[in-house]
Amino acid sequence: MNYEEVKNSNNIGYAKLDTDRKSRTGFPEVIFCEGKPDEYLLNIYKTLLEKDGRVFGTRASEEQYELIKAEIPEVQYDKVSRILKVMSTNSSGGSENDVNDKPQKNTFIAVCSGGTADIPVAEEAAQTAEYFGTKVERIYDVGVSGIHRILSQQEKLREASCVIAVAGMEGALASVVGGLVSNPVIAVPTSVGYGASFGGMSALLTMINSCANGITVVNIDNGYGAGYVATQIDRLARK
Amino acid sequence: MNYEEVKNSNNIGYAKLDTDRKSRTGFPEVIFCEGKPDEYLLNIYKTLLEKDGRVFGTRASEEQYELIKAEIPEVQYDKVSRILKVMSTNSSGGSENDVNDKPQKNTFIAVCSGGTADIPVAEEAAQTAEYFGTKVERIYDVGVSGIHRILSQQEKLREASCVIAVAGMEGALASVVGGLVSNPVIAVPTSVGYGASFGGMSALLTMINSCANGITVVNIDNGYGAGYVATQIDRLARK
Amino acid sequence: MNYEEVKNSNNIGYAKLDTDRKSRTGFPEVIFCEGKPDEYLLNIYKTLLEKDGRVFGTRASEEQYELIKAEIPEVQYDKVSRILKVMSTNSSGGSENDVNDKPQKNTFIAVCSGGTADIPVAEEAAQTAEYFGTKVERIYDVGVSGIHRILSQQEKLREASCVIAVAGMEGALASVVGGLVSNPVIAVPTSVGYGASFGGMSALLTMINSCANGITVVNIDNGYGAGYVATQIDRLARK
Amino acid sequence: MNYEEVKNSNNIGYAKLDTDRKSRTGFPEVIFCEGKPDEYLLNIYKTLLEKDGRVFGTRASEEQYELIKAEIPEVQYDKVSRILKVMSTNSSGGSENDVNDKPQKNTFIAVCSGGTADIPVAEEAAQTAEYFGTKVERIYDVGVSGIHRILSQQEKLREASCVIAVAGMEGALASVVGGLVSNPVIAVPTSVGYGASFGGMSALLTMINSCANGITVVNIDNGYGAGYVATQIDRLARK
Amino acid sequence: MNYEEVKNSNNIGYAKLDTDRKSRTGFPEVIFCEGKPDEYLLNIYKTLLEKDGRVFGTRASEEQYELIKAEIPEVQYDKVSRILKVMSTNSSGGSENDVNDKPQKNTFIAVCSGGTADIPVAEEAAQTAEYFGTKVERIYDVGVSGIHRILSQQEKLREASCVIAVAGMEGALASVVGGLVSNPVIAVPTSVGYGASFGGMSALLTMINSCANGITVVNIDNGYGAGYVATQIDRLARK
Amino acid sequence: MNYEEVKNSNNIGYAKLDTDRKSRTGFPEVIFCEGKPDEYLLNIYKTLLEKDGRVFGTRASEEQYELIKAEIPEVQYDKVSRILKVMSTNSSGGSENDVNDKPQKNTFIAVCSGGTADIPVAEEAAQTAEYFGTKVERIYDVGVSGIHRILSQQEKLREASCVIAVAGMEGALASVVGGLVSNPVIAVPTSVGYGASFGGMSALLTMINSCANGITVVNIDNGYGAGYVATQIDRLARK
Amino acid sequence: MNYEEVKNSNNIGYAKLDTDRKSRTGFPEVIFCEGKPDEYLLNIYKTLLEKDGRVFGTRASEEQYELIKAEIPEVQYDKVSRILKVMSTNSSGGSENDVNDKPQKNTFIAVCSGGTADIPVAEEAAQTAEYFGTKVERIYDVGVSGIHRILSQQEKLREASCVIAVAGMEGALASVVGGLVSNPVIAVPTSVGYGASFGGMSALLTMINSCANGITVVNIDNGYGAGYVATQIDRLARK
Amino acid sequence: MNYEEVKNSNNIGYAKLDTDRKSRTGFPEVIFCEGKPDEYLLNIYKTLLEKDGRVFGTRASEEQYELIKAEIPEVQYDKVSRILKVMSTNSSGGSENDVNDKPQKNTFIAVCSGGTADIPVAEEAAQTAEYFGTKVERIYDVGVSGIHRILSQQEKLREASCVIAVAGMEGALASVVGGLVSNPVIAVPTSVGYGASFGGMSALLTMINSCANGITVVNIDNGYGAGYVATQIDRLARK
C-alpha cells in the first residue's frame, strides 16, 4: 500500500481494530488512550461502542474525557485510575458471564498497594479485572514499613485466587506478600519515588529479584497487564 | 545469640530448615545448591531425606553430585538441568497426589524454548514443575527466527493451563506465544547471548515490555521460579 | 576565525551547506529541522530551494511549517511523519531518475511497523526513501502479538529488496521478519513504550541481539537513516 | 514430548538441524560453536558434512578443533578468526555459484578494521562472507587516530558494494568510512578496549549515534552477522 | 620522591601506616587484606602487632591465613567472615574499655541477615563491631519471605541501639526492620543473588529507596563499614 | 473492600493517617507534599492540626502553600527548603522535650553543604531535625574545591554528635568530612549538577564508595531522611 | 549558625564570593547562572562589578539577561553561547595582560566543533578562554562524516597550543583531531543527539575510550571547563 | 588484500608499526602488551629495538617478561607498573633531550595517588612520563579521608606544571587537588574498589563531575594516557 491507501484503508485511521478478539480469547479489546490523536481516539470509541455496546480505555487524560463526552455523553471517567469507559445499557455491569455458561466457583483476586501514591496503578489493575468480570478485593496502604497492616489482612490474601501487589519506591511489598500466600502473586512496580528510584526501575529490580516463591512481574505502572493476567488465573480457578 | 550459639543452633549449620513448609503451602522445600559449602549441603540433603523421604536441589555442580553420591548413592543428577534429586522408594514418582485428594481435571503446562542453549533453563522449569506434580509438555527449539516452528505447535499451546516461554538473546518468543494463547504466559529470560545481551538483561527488558497481553516475567535463568508459579496456576486449573 | 567572522562567513548562519553532495553521493541534502533556530531554518530552506529546486526536512514541528509557509507558500507538511518538503514544479515527483540513466529493474522496499504508534517513524522512513526515488510498500500494524498479520504479508516481504522493520515496546518484529525473508532487514527501534522501555533502548537491545540473520540496526526513531540505507540497497538491486 | 522423548528425538541431541535452509534462503547453515557440548558439536559436524559436503563453524576453541579433527581429519582451523570448517573436495572453494546461474557482475565487499586487536572479528566477517561466495578486500589497521591510513584506501572503499567497519575502543571508524562512500556501511563494534569501554557497549553506542549517513549496526563482536548481511547486499549488487 | 625513594621510604612498602589513628579517632587501624601482595601484607601484620599488640584484617583468603600463620602462629582465621586477626595476650578480648573510662550503659547492636548466604557479610559486620568493643546480638535467617521470623525478634530489635540489616537478592529486609524499631538501621546490600541482581546493585537500590524512616546504606558487601558506624552510634548511646 | 468503600473509608481519602506514630516511635508524622492532590493535602493538614496541634510537610510548592493558607492562615512556608508547617501556639517551638523527661546532654548535629545550590536539601535536613527537637549547626558553602573552608570548621564538626554532608556534582564532601570526625557522617547526594551527574546518581555512587570510615548514605535529595536519622543518633547521644 | 544567621551572613544571600580568587589562581570568578534565583544573581553581578569592574556568567537565560540589564544597562548577552557579561570601561577587552607582565609568546588555542548544533558549547569554551585572555581560533562544522573539512585545517590545528574538540552524537571528532596534532586535545561531549545518545553520555564514552593519544575529557556540555583548562595550558606555553 | 597477503604483508604480523612516529609527534611508539599474542609481541620488541635502540611496553605480564627476556636479556620489568622496557646503551636514560635542543626551563609534573592500591596505575603514569623525558615528583598515599596528607604537599603540587591525580573508590582526590593548584590536573580513575564502584566507573563519574576547575579526565586505569598528556603540557611549559 502507498501512503494514501493506508490512510483510507479503514474508517478509524491506520489501525485495524481487532473486533473478533473477544470470541477468540475471551477478552474484549481495551484501548491504551495515552498519546492517541483526538480524531483517532474518537473514531475508536464510536466504532467499538457500536459493535460491542461498550468500550474500556486506560491512561486517559481529562482532555480525552471531554473529547469523548462531547459525542458519547454516557462515557464515565475515573480521575484516579484514568479509566475512561462506556458501559452499554444491556451489558451485565462488568460481569463476563457470557464467556462461559457453567456454574462457577465463587473466586476473587486481591489487589494490594504500598502507599497512597500507588493507588492509581492499583485501581487500573482492579478496574481492568472488574471489567473482565473478575471480583476484586482492595487492600490499600499496606506498605512494609508498617508491617502489621499487611499482616492483619492475611486471611483475605490467602483466600484470593491471585494477589496483585502494587508498590513503588523500594517495592518490597511483593516479597512479603509472596511469603504469606500459596497462590500466584503478580508484582506491579510503580514509578512512585524520587532520586535513585529511576522511574520505577528500582522497584522492578526488587520484584524480579524477590527471594519469595510464586512472584512474577509486569512492566512499571502496568496495572492493566496485571489485571489481565489476574483475570486469566481467576478464570482457571473459577471453572 | 553470639557467634558460637549461632554455629551450634542446629545440626546443619546456621540455617533453619523450613520442614513444615509443605503442609503450609503445598510445596516441599527445594534447595538452591550453587555456592553452598560442601558440609552444609550434605547436611541439608541428609536431614531432608530422613524427614521427607526425598530431596530436590537446583543449580548443582557435578562436584556436588559426587559429594552427595558418596553418602546417598541413590541420588540422581541431570547434567542439562543441573538438578540433583533423591526420590524415596515409596514416593509417587513426582506426583503430588497427596496435596489434594479430590478427583482433578487432566491439565498440563507447556514449556517452550527458543534455542538449544536455552534448554538447561527450560529443563529446570520443567523438572521443577514435574517434581511438584504437574504434567509438562516440552516444545523446544521454536525460536521466532523460524516462526513456522512455534506456529505448528499452536494447538498444544492453547490447551495448556499455562505456558512457560524460555528465551535468551532478544527474548522475542514470549511476545509471539502471548499472542497465540488465552492462558497466562510466564516468560523466563536466559543469560544466553553475547555482546549487548548483558547476561540476559536485554531479554528481560524485551519480555517486560512485551506488547502481548497475559505475560509476566521472572528473573534471568530462573527456571525454578517459573516452574513454581506454573504449578500454582495449574493447581488452580486442575481442581 | 573569530566569532564575528564565523557569524558573517555565509548567508545562512554558521553552517556550510553541502550543496555538491548530490553529485558526489547520489543523495541530495536533507535537513534535520528539530531544534534549529527559526531564522537559520528559513535561510536553509530558501537557499536550497533556489539551488536545487526542492527541499526535504525531517522532524519539523507545526510551528516550523507555519514559519516556512509564510515565505514559501508551496511547502507541504505531513503531520504524521513530521516531514516538511518543497517539491519544485519541474522535479520528477520524488523520482531519482536523474541519478542513473540506464534502464533499471523494478524493485521496491517494504516498510513494516508493529503498532499504530510506530507509524510516524515508519512514515519518516518511507517518505525519505520515496524522496530518494525508491518505491515503497507499506505494511503497518503487524506486531508480533498477532502473528497472523505479518504472516499474511510474507510474499510481499520476500519480494522486497530490503525490509525496514519499525517497532517500539519490545521490538520483536525485526526477529520475526528476519526469519521470513532472504534480503536485508533494517531494524528501527522506536521510543514508543513506557516503564522499562527506556525511551526505545529496550527495543534497540532486542534488535541488536536478534537471533535471526540479516538484521542490522539504526538509532532509536531514526526513520530517516533507515530510509537512506534502504535506498542504498535498493539502488544496488535496481541497477 | 517428555524429557526422554526430547533426548531421543533426533540423532544429534535436542536440536533440529535446519538442513533445508540453503534452498530456502540461499545460505547454508553455520554453526555457533562457543559453549556447545562436545558430543553435540561432533554430531552436528558429522551430520552436516554427510549431507552438505561441507561445514562452517564460528567461535570455535582450539579444544573443539582437536575434538573434530580426531574424527574429521580434513577439518581446518584458523586461530585468528576462530573459524572451524570442512570444505568438501567437490565444493567450489567457497564460491556460492550454485545459488544463481546467471552471469554476474564482478562485485566485492571491503572489510576495514581499526586496530590489530580487531582483526579476529574482522576475519570472522571476511571469512563468513567468503564462505557464502562473496569476494572480500581486507583493509586493516586503519584506525582514525592516523587518518591518512583510511584516506589512502578511499578508491577501493568507494568501489565496494558494501563496507564492513570493525572497531573497538571508541568505534569512530564507521563514521569516517560512512562519510567517504555511497554504498552501505555495516558497523561492527568489538569488545576490544578497557575501562569505560564496557565490553564493546561504548563502541556500539558510538556507531548507533553516528552522524554519517548509510550506517547500520550489528551486535558486539558479531563478525558473522556482518558477513551475512554484506553478502545479502553484495548478491543484490551482483545480479 | 622518585620511584626508588618511594620504595625505600618505610619498612612495609609504599604505605604509611596510620598508627596514631586510635588515639585520634578511638578506632584502631583495620587491614583490608584482599588483593594486597604477600610481602606487603606480612609486613603490615608484623609492624602492627609489634606496635599495638593486636591486628585485625578483613577479606582475607585462606592463602593469606597460611602466609601470616607461618610467621605469627597465634593468628586466628574465621572462614565464614574471612576475618584474620591476632589478639595480644594482654588485650582485653575485643573490649574497647580503654577508649573511655567512665561507667557506661549496657548497650548492644543487633545484626540481622536475610538468608544463610548473607551470613559472611553479617559476620564481617558483627566481628568488626566486637573488635571495636561493641556487644552484638545476631539475628540470622530472617528474610522477609517468611515474615514471622523477623517479627518474633521484635523485642530484641527494639532494644538495640542500632540495627544492621544485611540482605542480598531484593534487599527488602531493611524496610521491614526500619518499620519495627525507633533507633537507626544501617542497611548492607550483599552481592548474593543472580540474574538481574547485578552483583548487589539491585539490593542497594532497594535499600536507598526504602519507604521506611531511619535507614542509611553502605556499599555492597561492606560489613566492615556497617560494623564501624554501628559502633560509633553505640558508643554515643553507651556514654 | 470495593472502590466505593475505599473512597469512603475515612475522612481524608484513601490513606489511614498514622496518628499514634509519635507515642510509638517518638517521631510525629511528617507529610511528603509533592504530588499530593489538593483536596487530599488540605484534609491531612486539617486533620493533623486538630489532633496534634502542629503539622510539618516537606517538598511543598508555593501553590500548595496558597492552598493551605486559605484555610489555615498561620501556616508558614520556607521557599528554600520547601517546608510547609503549622506550629501550634502551645507547642514548644520545635523542642521535643516531651519525648524524654530526664535532664539531657547539650548535644547538636552539624549540617554541611558543598555549594549554594545544595542549600535547599541541606535546609530540608536541618529544619526536619529542628522540628524533631534537635539542635543544628549549619556549615554551608564548604565544597572540597576550596578545602580551607571545611578545614576552618573542624572543631565544630568534631563536637557534633553526627554530621550531615550534603553535596551534588561529584559529592566528594562526605569523604573529606568522614576523615575529620569520629562520629557518624550521613551523606546526602543532591541532584545538583549537569551532564554526567545523572540527577544525583553520580554523587550517590561517590558517597557509597567513600574511602573514609563512618559514612552512610540516604537517597538523592533526601534531606528529610538525613534529618530523621541524625535525630535518632543525637537522641542516643543526648540521653 | 542557625538559619537566620545564615541568611544574614552577607549581602548576597548564603554564598561567600571568592573575590580573592584571581590573585590566588590568576583566574577571576565566573558565575554559573542556570538555576540561580533572581535576587541572588542580581546581587552577585552588582557585587562583583563593583569590586572587579567586570563580571562573566555562563548558562544565562534571556530572562536573566533582562533582569540584570534593568540594573546594569551595559551588560552584554550572547544568545548562542548564553554568556552574560559586563566589561568595565577600563578593562583591557578580555586580555589578561595583568596576570603576568613579561613579554610572552604569540600563542593561541583552537576550538573545533562537529556540527552547527554543537556551536553553543563551542562558543562557551571559546568566549570563556577569551575572557581569560587567550587567543582563540574557531574551526566549526568540521564533523568526521565529511573528513576533508577537518583535514583542510590541519596546519592551524598543529600550531595551536591546545585544541578543544566539541562534538555530540557519536563524538568521533576528538579521535581524529588527536591523531593530527602533537599538543593536548580537550574533548567536550555535547548533549546534541537523540535516541541512544543519552544526553551526551554516548559521546562522553567515545571520547574517554579514544584510541588517539593526548586526549582528556570534561563533562557533557562543559564548554566553560574546557576553556578554563585550555587557558591554563596556553599560559604555560605563552610564558 | 586477501587473508594470505595480509599475513605476509610485513615481518611482524598484520600491523604496520608506526616507526616514523617520533619525528612526526616527538613521541616514540609505546606498546600496549596486554592480550598481544606471543609471537607478535616478540616481533614488535625485536623490530623496534633494532630500529630505535629502545622499546617501552605497558600492561605486560610476567609471562610476557619471560618471553622477551629469552631473546632480549637486557629487558627490564617492573612488577608494580607492569612496564616492560629495553633501554639502549647509548640512549639518554629516558631523557628526551633530542626532541628540542634549546635550553629549557626546569619543570616537573607531580603524580598523586589516593591509596596504595592505586600505585600501579600511578607508576604507569609516572614511568611513561619519565620515558618521554619528563621529570616526575611522586606524592603517594594522600587520599582525602586523611586530608592533612595532601595538604602537607601543597607547595610541591603548586610548582608542578601539571598534576596527575590517580584514585579509585570514590575518586575525590582530583577535586581536592584541583582546588589547590593553578595548573592543569589530569584525573585518572582506577578500577580499585568493590561493590558499587563498577570497575572504576564510579570514580570516573566523580572526576567528570568535579566541582573544581582545571580538571580533565582519562579512561579508567589509563596511566599511560595521563603520562602522555602530562608530558605534552610539561613540554609546553619547559620551552
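Letters are used for the chains, namely A, B, C, D, E, F, G and H, taken in the order the chains are written, and counting of residues starts over at 1 for each.
Everything below uses one rule, namely that contacts are C-beta pairs under 8 Å (C-beta built on N, C-alpha and C of every residue); 3 or more make two chains touch, one makes a residue touch a chain.
Since the model is a prediction, treat every value here as computed from it, not as a measurement.
Colleague: Where centres are the averaged C-alpha coordinates, which chain has the largest centre distance to chain A?
Modeller: Comparing chain centres, H lies farthest from chain A.
Colleague: Angle of the rotation mapping chain E onto its copy chain H, from a C-alpha fit, rounded to a multiple of 5 degrees, please.
Modeller: Angle of rotation between the two copies: 90 degrees.
Colleague: Quick one: chain C and chain H, Cα centre-to-centre, how many Å?
Modeller: 46
Colleague: How big is the gap, in whole Å, between where the Cα atoms of chain A centre and where those of chain H centre?
Modeller: 58
Colleague: Hey, how far is the Cα centre of chain B from the one of chain D, in Å?
Modeller: 36
Colleague: Can you compute the centre-to-centre distance for chain A and chain G, using the mean CA position of each chain? Integer Å is fine.
Modeller: Chain centres of chain A and chain G, defined by C-alpha means, are spaced 51 Å apart.
Colleague: Give the residues of chain C that touch two or more other chains, as numbers and ranges in rising order.
Modeller: 115, 146, 195-197, 201, 204, 208-209, 213, 219
Colleague: For this structure, give each pair of chains that are touching.
Modeller: Applying the touch rule to all chain pairs gives A-B, A-C, A-E, A-F, B-C, B-D, B-E, C-D, C-G, D-G, D-H, E-F, E-H, F-G, F-H, G-H.
Colleague: Touching residues of chain D toward chain G in the complex: what are they?
Modeller: It comes out as residues 114-115, 143-147, 151, 169-172, 175-176, 178-180, 193, 195-198, 201-203, 205-213.
Colleague: What residues of chain E sit close enough to touch chain F in their complex?
Modeller: Residues of chain E touching chain F: 24-27, 161, 182-184, 186, 204, 208-209, 213-219, 225, 228-229, 232-233, 236-237, 239.
Colleague: Within the complex, which stretch of chain F touches chain G?
Modeller: Touch list, chain F to chain G: 115-117, 119, 123, 126-127, 136-141, 146, 149, 194-197.
Colleague: Across the complex, what residues on chain G touch chain F?
Modeller: Interface residues on chain G, with respect to chain F: 1-3, 5-6, 13-16, 18, 34-35, 40, 189, 191, 199-201, 204, 219-222.
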